[in-house]
Amino acid sequence: MNPDELKQIIEGALFAAGRALSIEQIQALFEEAYRPDSASIKALLDDLYADYSERGVELRQVASGWRFQVRHDVGPWVSKLWDERPQRYSRALLETLALIAYRQPITRSEIEDIRGVAVSTAIVKTLLEREWVRVAGHKEVPGRPALFATTRHFLDDFNLKSLADLPALASIRDLAEIAADLEAATHE
Amino acid sequence: MNPDELKQIIEGALFAAGRALSIEQIQALFEEAYRPDSASIKALLDDLYADYSERGVELRQVASGWRFQVRHDVGPWVSKLWDERPQRYSRALLETLALIAYRQPITRSEIEDIRGVAVSTAIVKTLLEREWVRVAGHKEVPGRPALFATTRHFLDDFNLKSLADLPALASIRDLAEIAADLEAATHE
Amino acid sequence: MPAESMTAAESPSQTAPESPSDLFAIARVNGESITQLPDDLYIPPDALRVFLDTFEGPLDLLLYLIRAQNLDILNIPVAKITHQYLAYVNVMQAANFDLAAEYLLMAAWLGEIKSRLLLPRPASIDGDDELDPRAELIRRLQEYERFKQAAEHIDSLSCEGRDFFVAHAQAPDYQRPVEPPRVELRELLLALQDVLSRADLSVSHTVSRESLSMRERMSLILERLSGQRFVPFVQLFTVEEGRLGVVVSFMAILELVKEGLIDIVQADAGADIHVRARVGEAQGQALDLDDTSDERAFDES
């Protein structure tokens, strides 16, 4: 198979998948005897990236591999394809998601402890259905509560390559320091 | 808006939709004041058609408009994306096949006598379709039941030169040992 | 209950409730119990619902109060905040909302912190000062606030399907031939072992190595006979196979005769012997593929 045919197959697969494909997933499209090595595939992906540099779609690398996505600056027009404005997520959902992203693996009651309020089942369900969150295991305490973690899909959907791309949490002053301040304040 | 920007928006919209868009639908993406006429859109679609003439996807006109679709000749590779995990044959099928191999030619009711349960039509059909088993004749008893035998194809698939290569039933005592021997032999 | 409490319902009543309806009164106006919010209340109930929905819980409400007052989070005047907090809680309660237990718990906690601050602190013996009761509240507020910020940040990220779109094209209409399952001989033998152990074959079904090759030969002969009416007997033997092969073929033919599967015909003494498969009136009707036995060909997995 010549490189042009190979490139067409990769291109077709990425568009047909409609999601990111890893190099391994691309390799798996070929019979073992004709499987291109990862370096050749990477080279063809670089080629494709260049081919699409001036087009309405672009090749992007995200957490779980490469995908074609619509160029950001045509987004405002393209979003008119869908009548309803894309929904905004509730603060409760976003806070729950933030806690899972930064504190994973974490149980529901640990989330509730920090938020100071119960986490609704609907929110957990939405996060699981959206495939942003998965049950990574169970905590070995009475009731064996589920431990939640974020998924690759979450990273993909927010255009992140890894969790490290999320900004660091605001610093928190430690208790001894706070206590000292308070001490000083109350003795003034 | 210049034609290049316009083309990028149409291209992005077609790929974001993942389905056919009519010229009216494409026009609706633009505010009325800036809405291109259908002739300009048609011209840009022709442009896009040419742009993708050598790629892994192609622009095609279908009943409801234009859509990008994966080029047909990369189908064999791309369709691997949706490969199902290979199924496993049921124990009942393997038992039936083993009895046909060792007791051929054999009728279905004879298999049922030995197995103690009915042999389903689905199993017989699968074995015939797989070409491991054929109808070698009919037994001259009431109903003229089919006599099943194994095929050359069966021998090939199980790496046997002839049925005589199958271990003798009498010696199937330590099956694990035999299986190990066979595996060693076929991997030489 | 603080004296500054803002709603009538929560201020200590001068008189004990006089009727059961008083128990559900949200206010007493000129001695009359009000059990329903007047429709022309200047804060419509819907607005209160919105107000309650605005806060993600007691910590969020506290953060709002602290910020609204522009207060240093590290130096919360607990008494003042407690009063305000309770005032909000009372407004919610007056509007007949089911108050989430978390809000009431927070009110109780604030009250506890306030009372502990009022009490003189015992001099420490080992020099370890008792932790300020506000410290835990501050820690939780700080902890909550950083995740609140993180949530806002995530919301500001561009999100697939809202801010950007993945490109896809119609998949090719190529139907992939389904790969049939692979079977190892080992599996086949294990299956056989199961049958053998179920149906005690040791007496009636013993099959030896020799008879297996004879069985194969029986199938081959049947196959050869399937197309033609008569086949000369001698054609069923292959001289190149040698003596053993001829014997196997012969035994196979005898077994086929015994099982009634073939006929051997000789027109006259000394004439050629012919063999044919027994043919009935109709072909193939015995392969009945219409039954509904529920045994499956595939495992559901």
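By letter and in written order, the chains are A, B and C; residue numbering begins at 1 in each of them.
Just so it is clear, a contact is a pair of C-beta atoms (placed from the backbone, for glycine too) under 8 Å apart; a residue touches a chain by one contact, two chains touch by 3 or more.
Everything quoted here is computed from the prediction, not taken from an experiment.
The greatest centre-to-centre distance from chain B, using averaged C-alpha positions, is reached by A. The chain occupying the central position, as judged from C-alpha centroids, is C. Note: centroid distance chain A to chain B, computed from Cα atoms, is 32 Å.
Computed centre separation for the pair chain A/chain C is 20 angstrom, with centres defined by C-alpha atoms. Inter-chain centre distance (chain B to chain C, centres taken as mean C-alpha positions): 27 Å.
Touching two or more other chains at once are residues 12, 15-16, 18, 57, 68, 70-71, 74, 78, 80 of chain B. Those residues of chain C in touch with two or more other chains are numbered 165-172.
Those residues of chain B whose C-beta lies close enough to touch chain C in the complex are 12, 15-16, 18-19, 57, 67-72, 74-76, 78-80, 82-84, 86-95, 97-99, 101-105, 107, 113-126, 130, 134-141, 143-147, 149-150, 157-160, 162-164, 166-172, 175, 178-179, 182-183, 186. The residues of chain C lying in touch with chain B in their complex are 165-176, 178-196, 198-199, 201, 205-209, 212-213, 215-216, 218-219, 222-223, 225-226, 259-261, 277-278, 280, 282-299, 301. Within the complex, the chain C residues that touch chain A are 56-60, 74-75, 100, 102, 106, 129, 131-132, 134-135, 138-140, 142-155, 157-172. Put simply, chain A touches chain B in their complex at residues 7-13, 15-18, 21, 25, 28-30, 55-57, 68, 70-71, 74-75, 77-78, 80-81.
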